[in-house]
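Below, chain A partners chain B and then partners chain C, in two separate complexes.
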Partner chain A sequence: MKFYKPKNLTELFQISEKIAGKKYFLAGGTDINVQIKKKMITDEPIIYINHLEELQGIRETDESIIIGSLCSYQELLNSPLIAKYLPFFRASLVNFASPLLQTMATIGGNIANGSPTADVTPLLLVLDAQIILMAKSKMRHIPLRDFFTGYKQFNLKKNEIIGGVQITKNAETGYKTFYKKVGSRKALTIAKVALAGLKNSEEYKLAVGSLNEYPRRLSKIEEYLASTNTPESVKLEELLKQEITPISDMRSDKDYRFQVCLNLLLEFIQI
Partner chain B sequence: MKLEFILNDKAVSLEVDPMKRLLDILREDFGLTGTKESCGEGECGACTVLLDGKPVTSCLVNAVHAENKQVVTSEGIAQKPLGKLLIACFDETNAVQCGFCFPGFLVSSYYYLKNDGEPNLEKIKTALSGNICRCTGYQKIFDSVMMACHRKQEQEK
Partner chain C sequence: MKKVRKFDAVPKLNGSYKFLDDYTRPNLLYGGFLYAKFHHGKLKQIKFPKKFSKDEFTIVSYKDILGENIVPEPENDQPFLVEQEVMHYGQIILGIAHPNKKKLKQFIDNIEVEYEEMPAITDIEECLSDENNVFGRVLEIKHPAEIGNTSHLIHTKRIYRTPHQEQAYLETQAMLAEYDKEKKEIFVLGTMQCPFFVKSALDAIFGDTIHNSVVETSEGIGGGFGGKEDFPNIIAGITALLAYKSGRPVKTVLDREDDIQITTKRHPSRVEVESYTDPITHKIRKLNIDYRLDAGAFQTLSPVVLSRGVLHASSGYAVEDCYIKGRLFRSNTPSNGAFRGFGAPQALFAIESHIDNVAAQLGIDPYTLRKKNILKIGKEFPTSQPIIENHLEDCLEKVIEISDYHEKYREYKQWNLEHKVKKGIGLSLGLHGGGYTGNGEKILNSKIKLVIEKNADINIYVANTDMGQGAHTTLAQMVDEAIEHPHNKTRVVIPNTNKAPNSGPTVASRTIYIVGNMLRNLIKEVKKELGFDNLETYVKAHQADFPREFRSLFKPDPQAIFDDETYKGVAYKDYSWAACVVEITYDPTTYEINLEKCWNVLDIGETVNPEIARGQVEGGVVQALGWGLSEFFYKKGFGRKQGFTDYTMLTSRDIPELNIEFIHTDNPIPKGLGEIPMDYPAPALRNAFLNATGVGIDEIPLTPEKIFANLEEK
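After this line comes the complex of A and B, so read on.
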């Protein structure tokens, strides 16, 4: 396994440019080390990034909060900026993995690993987060909802990395909020179904995890809810069938997942 | 790579593969076998150590990540006053059965006792939620930590 520890971002891009095939960026290592153990990663090159200052920290601008991709869950939970502007986001992260993992696991790694079950993604989707993508001499911001294109497939150019995410300071302001992650136990649980939602008198924002190839917004249901004061459960069920494609796996079967998602949706409508 | 870090308050260095797991370094290169491997995937907490003061699963930490950091293992904690207090409470409560999970519980409990220490059951449960025990029913473990929190408060009076 070839290993690199670049001094800074410039060197990172120089190294990464020269590697033609698959490579991994070692951030918190909580996914990578499990994949090494399971022999899903064998001799692909590894580039260590956790020490790179350019990708660390939580900052504010006049309108936004910018979270560096290397921010750990613990940093997010302890950040005064997050507590002040994004209390719903913060409260929803409390049950991520366990305190032992929260120290290591990073937000960038959670998104980039691309698991349909990633906890942070549905939350960022309803907050209309932008993802910041960095390349050697360029940086671009795109809505997170446009970042995913398929199972572990991203709108990410060769030699681009995730620099961080950007959320507007008022992303939660004036909304009623909802987040539920359903798993087999409280700590150390991978979501079987997760639903995040925001609503005010005019609009609805809904996103689900673990129910499609990647976490996504439920646009049809959002539109339907905004268009009626008396949503019908038959109609919701019909739309939900179009929006989610739950699978059966070792954690649960697809009918269970569908039903739980519908129940969460009805619960969200009541708040 | 040449890895330098502080291990149980002593500066150490060794030549090592940057991807070697901290767990293996502790056990194989330093003979600190208190740190255990069970799942090897971050799920059980048997391999918990403090890295720069915070509890982590050392099976998911690579050598490169420990560079210039402070690592404290269960052996190191056992030498500290709060570690001794915890061990006495675990002992009095008969909380330990086979003992395999214990070094991990000691590290997580120590972190809680040192940084919070409120005798609050919900908080203690959360602090220990990354550690799994296959023998006991957890109750005595929680009782021990609760006891240690009370004793620490008394000592501080």
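After this line comes the complex of A and C, so read on.
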């Protein structure tokens, strides 16, 4: 296993280009170190990036908040900008993982790991976050909802990295908000079901975690809810069956996951 | 009875205290195990990886064992190392050592084991429902009475199930072994509860080859909870064998993952309870209990767990006609072993849940049914042991009072009619016999030693370990308080089998109750014999007499007789008593239980160090509530868990507000404390859920998935 530590972003892209095969970018290490220990990663080169200043920090433009991909959860929680513009987002982060993990885990790493259970993704999805993808000489923004294409599959070009996340300052403004993560306990737990939602008089935004191969928006349900004032639970159940594919595993059961998702959806509708 | 800070608090906080992996030796080898990754089968061939030079490694198989390939246990049926047939996943086949830890791991990971697979029982329900799997002695407690026609009585028959539980000590199992060729002596340093058990394991595995074996504990022991009662025997035996063969010191430290997969767990149980209750007097007239434990592949110490289980199976209730049967069932999983409570939590979960089921059937409140049937003076245990105090009833009354149980019971009934999120309040009783069962303490025949030094320091020599529970602080306190000696001049010397006499294992809530009382009595006798008022003054005046050693032996109570054949008589001379109320809320949206409050009233006799006693209750209650709410180790179709990612114990966020009160602390004897807080909270939680929802689930843990599945069925 080869290990690289680039001096800056330019060097990072130089190193990255030279490696033809699969490689890993190591940020906080809260997922990768576990995968190395479990031998899920054995020989692939590791490029350490957690020290790169270009990918750190939280800043604002006139309309948006830009979160560097190396921003840790603790930084998000401590940020006055996040507290000012995205209070719902901030409040939802409080119960993620544990203080130890919050200190190390990064927002970019959480997205890049591509886990169906990633805590932050459903929230970013309903906030219509854009993901900033950086290459050697180019940068592009795409909606986060278009970033995931399958289980640990991404809309990512060769030698592109996640530079950060952009959320508009008014992403939460005027919306009623909902976030519920159901785990095996209250903290330091992997989500069994997660549902994030925003709504106003015109539209609904809904995203789920741990219920599909990757976190995603429930667009059919969003459309249905926007089209009716009296949603029927039978119809919701039918649509939900088309939108989510829960599984049974060591942590939970598929019937339970489905029912809880439906219950949370009904709760969200009533707020 | 006073607050004394634990002597190890500061060195643990500043990191200077040494746990096993902090020790090293020149020329050290690291030890590791090749263990079976299948459940049952005959070994055919072991293929070592070609890319390593095998000669660099020290390897021991059963053929290298110089004495017997049997781990000393209450039932001697478990080998140190597999001979031909693997009986369970995780059974150790080879011990391997190498100077480089990483290389050792790579080598072991690349060994291929060829085997012929054989049928295996790995499912708990399959194990416990098939009577063909019974092995070992069947225990029976018979307390027959002619109660006449039962047709007017309320008949209740239910099956209660509890899962495995992982001890989850902070420090994994670890041993360091050295062989002194000149003296033909094996020295083992380790993290353990029972140094003399480890010594007997060394003596067994080496036979006459060695002249002596010495076992000492590391300075710090990072938790035990029963998990370091017997498993250390195996690690020590194999590590010592590696040291003998290589001629170099060997240190084996289990990875968390290996520790979780190959070491002992709490026995899963299936307990059938059948009762006949008078609908008018609310007396339980007849009780039949069929108590079953999944012992794993070997019996090891399970017969003793079974014994404590049946002896606690009727909890704190007097029943005229009572029959209790206990059996061990075999499966192809690692032997289950000691865990705080030792069979009692499983027994109490069944009977304390059953009481609430009966109360629901009778349409009365669970308090009234308990009150009507509670053990008190004039009543007796199913072994015919008479009850000599009404302290259990005192615990019950006190917990009812401080939790405001009656008022809440009424209030929540109304609340639940009007609200989506439900509230529930549950009750349970608990009892735990202190020390070894029956004639166990008599047979153990514990010995203790004190040395009064020239500077009037008192050094206490016992084999009982401080694994974080505070035993050494409390033992020292019992000695210095008895003669009003300064606390900083009394200490327990780190247990070493060459220096300390065998005061028995650190198990069975016996350390303070048995060993502490022996120490206190000894120092009082010393005071009387020497005739001093102040030890320091006396020692100064009689310098020539010191250092001086004092010893004593356990003195059994001649009145306390137990017949091991008929299971009649005094099973435990002193019982600790408890009553508990758990309050929860239940959210039907997610099927989750939220632990709100937990009240505990205990009679453990004198509380030598109230803060340490409180700490024991807090820890035990949290461990019990985790067992009841979220911890499970095996799931049908998905196998056994591999680590702490999935094995979910409670965190500080999940723990309810805890209220703890001790009563009858004027009792001159501190009774058993360590285990009772683990015994009773789980059924109180289960009963609180029944109270909140009207649904009685007879199986723990009460995960949201289990609650959902139960509601779907109904």
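One rule holds in what follows: the second predicted complex is superposed on the first by the 271 of 271 C-alpha atoms of A that agree within 3 Å, B and C clash if a C-alpha of one lies under 4 Å from a C-alpha of the other, contacts with A are read in each partner's own complex, and residues count from 1 in each chain.
The rule we apply is simple: contacts are C-beta pairs under 8 Å (C-beta built on N, C-alpha and C of every residue); 3 or more make two chains touch, one makes a residue touch a chain.
Treat the numbers as computed from the prediction; the structure is a model and nothing was measured.
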Chain A as common anchor, with chain B and chain C clashing or fitting: clash
Touching partner for A:182 - first (chain B), second (chain C), both, neither: second
Contacts of A:5 with chain B and chain C, given as first, second, both or neither: first
First, second, both or neither for A:169, with chain B first and chain C second: neither
Partner chain in contact with A:220 - chain B first, chain C second, else both or neither: neither
Chain B versus chain C as contact partner of A:254, first or second or both or neither: neither
Partner chain in contact with A:29 - chain B first, chain C second, else both or neither: first
Touching both chain C and chain B, counted on chain A across the two superposed complexes: 98, 186-188
Residues of chain C that touch chain A when the two form their complex: 588-592, 630, 635, 637-639, 641, 645-646, 648-654, 703-705, 708-709, 712
Of all residues in chain A, those that touch chain B in their complex: 1, 3, 5, 26, 28-30, 33-34, 36-37, 46, 48, 50, 74, 97-101, 103-104, 186-188
Interfacial residue positions of chain A with respect to chain C in the complex: 95, 98, 180, 182, 184-190, 193, 248-253, 255-256, 259-260, 263-264, 267
Touching residues on chain B, where the partner in the complex is chain A: 1, 17-19, 21, 40-43, 45, 48, 51, 54-57, 59-62, 64-65, 108, 126-127, 129-131
